[in-house]
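Next come two complexes, and both contain subunit A; in the first it sits with subunit B, in the second with subunit C.
Let's turn to the complex of A and B:
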């Protein structure tokens, strides 16, 4: 495998944020509000803690083997067959999320902005752009993500103009039916935030590895803040029932937003679209990149670049094939997606970590290389 | 419909024109084999959709496995009037 360049822990954090953010602010607030009702904010908190746990586990595993990705060390840890199977499940997860993202992008564009244009047009455009970004490599991808990331906080600060519409009564009564609905509502955002486990693939390219663990946890916390702003804003101003019925609550919320001091700025949802489209492109590119890198390592290739365009075409075909319409897509998001994501990011990562700890395996130049060098010295 | 299949073939020829010579020059056999496998798979799926052939849908299989799990979880956690 060719050297892919080096990134800092901060850039890895931006990479992780862009893996999570764009879809977390699309369907997810509505689905969480539908399941948890007025306790949606509790669901968001539960999601935060479960995602922090999963990502902490993943980052610890990645730090045990700082110079390899999970695809490379899993066969050593769990035996050839099961290790390869675990590696394949990570690759599958990234590609599966990638074509799922393509479809979500196409659906929002056709539903909200371009009702007459076919879905496939948007999917093709975003895939070609993402393929170009993946071709350019990891460092370019991280810098573009940073460029996008600069605008995001400013954009979400605008949500403070929603604060005057929030009605505290919409959050009462607290825990009317026990903690159950809040736990059910936390599944989907928790699973989405746990996608920051992409650190397992990124770790070999991070230059300051010790800071990678706090950086990944900070990435989860940052997307939690954005998610809860939209969730609390939309449940507080529309009520839980109506938020649950909305397809894209963040989008509707932003459309309502107006700034009293600046009456010229109306219909700010164009701004939302600008940030969100960029986020979606980055999400697709980052997932696509993680999948391509993993596939290259899984097959033992020298370079994954020749496979980018065929894989992109395959993803387009899969994204068009897999769902019939937007209702199916939303149902799938509610019922199936969290379990698929968690079964890889939590279960398989957990098993790999437990096996690695029990067998006392570690990678890296300090331990492995040092031992080998000392053995060679003894022989000499 | 035929024009779409021709466009698809054109896309794959274009990609192969740029990628295959480089792989041959650097003797990357594994890359070439996986390139061909991915291209055939993608072409079959895309052409099948254009021509409306009945293709297997992987997501349906995932749903069939996962949906009972979701229903079990939901019936434990969410009271009936919330569904």
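Let's turn to the complex of A and C:
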């Protein structure tokens, strides 16, 4: 199967950030604060290092087979049956995350803004937009992601205005109950950040492959910064107890915000929503795209495009049917989601990498592949 | 009766057949075909007929083809001591009769040098005194085309070709100030309808032999000259090849204006956004030529097309380069801001007053509520009404005869501005918002870009009415996806913003000082350095 277009390592980084960011700033700060309490910042650090480890592993594996995606080489590495099974688990992961994201999105919209509108309205709209993007292809997806990324730093600058509300006392005492709670709290953000393992699918389209490894690590570091700003901001200003009870701490934080110098706009949470909607859409589109691409390769199709709309409809149905209400969704996020994500991104990737190393398998000359790609890139 | 019917049907068949350009020529007929005055001549048929050695045959056919035109002149005379019969054919409105009289007819008849043989070679060498001599034409299609193009064609008995003499003179508008792209400081001249004058305006500014102008004839009936211009060594050969390819693909009966070409070479034919840049300023054309872009100068239209075009290009004004860089940067940002306002002002108004009243400070909310007191429509309908009225006024302002135009503005100002507000049909705040958005939309330097941006507002208002700010966001994202997917001759429409090219952002996010713009944009073939690295000006170093 051939997918038109090539992206740079920088664009791949933006893609990875888009995959992670939007949900990481939604439920996760609250859940981390609930589990790790005042040590939430330590949990964030642990999450960072574990995610870096997983993503480094994934990037190394991807670099071993620079011209193929994991779906394509897994059957060669581990045998047809187990390889296909591993491939299926990646595809499942991306689709599962996609409809999970759809539901999270629908829940936030109905909880916070449109309490009387059924959430399927929002799920449908965002899925149609995402399908449009997936249809447009990888290059367009990366361009939109980059464009939307322009708004993100501007929006986080506004958090400077809550720095004055942060009370250091809320972070004390450090490690009251040992390291246990912090490790427990790190699971969810760590698993989410490990979603940058999407590099396993993206690698064949990256033109400067050598730089893909540092770019992936940089993507994890970037989302960590944003996550810690919200986490530290909300724990610092609300306290761990209250943050743990909040459904969407980042959103509440934004609602508190008013800028003395700009008295024209108050309660900027609607603006937060406008930017966050874009992020969520990108997350859905990137996951959806990775899943579609993988599915096309897994089935050996010439093009995955005819499957986009049926698959989108399936995802909408799954997202509506899979959870009964928002409480169930949050519990699921706490107790199930991190293990599902990690079992694929860490365990299956790890096994594939170990088998590939033991069998000494490589996919094509790495350097040559990189050179050819850069030559093609220059030509384009 | 029956043979005539069959002949008529055959004629119809010939008419309906598409001309095959450069295709196989039909076998040469021994005699030029006879045709009545009603015969429709096809290019393919004329291409197949060579200019005969016999003058009479040629003239008979020529009369059949163009003879019924009242402006067609066929002047028969004899040349030289042997009294060789010759004829000069032209359309008198297209030629300069002075040139024909003084430089052609006179020298061919009265002043013919006595000991010169009568042949085209010697006529060209010794007799005709024009600066430009076209190529000899040897088939009737080129002959007729030469006449229609404003040349005089000299036919000579005994020669199997004809001499086309460039005596054309098209009366056109004088070069005047640009109407659609005016600047305060900078050259004022703008393109006119005549190709020759437009080329002159470009050549005046770029005195390099590497400026190449290739000519294409487009339009089966109009035969419009389209000139592809580029600078060798700067423009990418792949781009030029692609432009040539697309121009050759145009097989239409007419090319009446630049848009006839523009729509035929677009990458995404359904997109409302302009994918080529149309300008009537020669200075702008030259600056794009220097960036390695290709331009299409089209006869009979003052608008020249620049390809590839990107969105940032369409938001630049030539004025940006005629003022100090700090001011230009500020003005450029003002323009970007205007773009944002023109698209989002009224949707935001609808969304905020309908769904997100809590975003407004209390006092502002009160005054909005007071202003909307008694307005019988929901905000969305109110906004749509006013937007449609604004578009109506704009359209009427363009179409109405100039003396009536003033009436429109008075009626618009009085009826919309005052009466509607006083009658309580529309809230005054919305009038301000819509007027602001309208003015902002005209701050976009490209009129072609302004229109789709204004049209986007209508669906956005509807989305805002249904889903508030979320709807506006969704709408804007959909437009962004569309824009990110557009390409103009292979160049992404939003580049260099995305995919990001940091070295080119110097002319997008800011307008870097001229001495700092050292490199050309990546569309050009070679990254020629535009200036010496030591171009930064300053006082001379102090002597110690």
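Note that in this section the second predicted complex is superposed on the first by the 363 of 380 C-alpha atoms of A that agree within 3 Å, B and C clash if a C-alpha of one lies under 4 Å from a C-alpha of the other, contacts with A are read in each partner's own complex, and residues count from 1 in each chain.
One rule holds for everything that comes next: contacts are C-beta pairs under 8 Å (C-beta built on N, C-alpha and C of every residue); 3 or more make two chains touch, one makes a residue touch a chain.
Just so you know, these numbers come straight off a predicted model, no measurement behind them.
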First, second, both or neither for A:218, with subunit B first and subunit C second | neither
Check the residue A:124 against both partner chains and state whether it touches subunit B (first), subunit C (second), both, or neither.
-> neither
Which of subunit B and subunit C A:180 touches, first, second, both or neither | first
Once the structures are superposed on A, label A:274 by its partner contacts, choosing first (subunit B), second (subunit C), both or neither.
-> second
Who does A:11 touch here: subunit B (first), subunit C (second), both, or neither?
-> second
First, second, both or neither for A:45, with subunit B first and subunit C second | neither
Partner chain(s) touched by A:113 [first = subunit B, second = subunit C, both, neither] | second
Look at A:140 in the shared chain and tell me whether it touches subunit B only, subunit C only, both, or neither; answer first, second, both or neither.
-> second
Look at A:357 in the shared chain and tell me whether it touches subunit B only, subunit C only, both, or neither; answer first, second, both or neither.
-> neither
Contact footprint of subunit A on subunit B as seen in their complex = 11-12, 15, 19, 22-23, 26, 28, 30-32, 34-35, 38-39, 41-43, 45-46, 49, 55, 57-59, 62-63, 66-67, 69-71, 73-74, 76-79, 82
Of all residues in subunit A, which touch subunit C in the complex?
-> 7-8, 10-11, 109, 113-114, 122, 125-126, 129, 132-133, 136-137, 139-140, 142-144, 146-148, 263-268, 270-271, 273-274, 277-278, 281
Residues of subunit A defined as touching subunit B within the complex | 35, 37, 177, 180-181, 183-184, 187, 299-303, 306-307, 309-311, 313-314, 316-318, 320-323, 332, 334-336, 339-340
Per the touch rule above, subunit C residues touching subunit A in the complex are 355-356, 358-361, 364, 467-470, 472-474, 477-478, 480-481, 484-485, 492, 494, 497-500
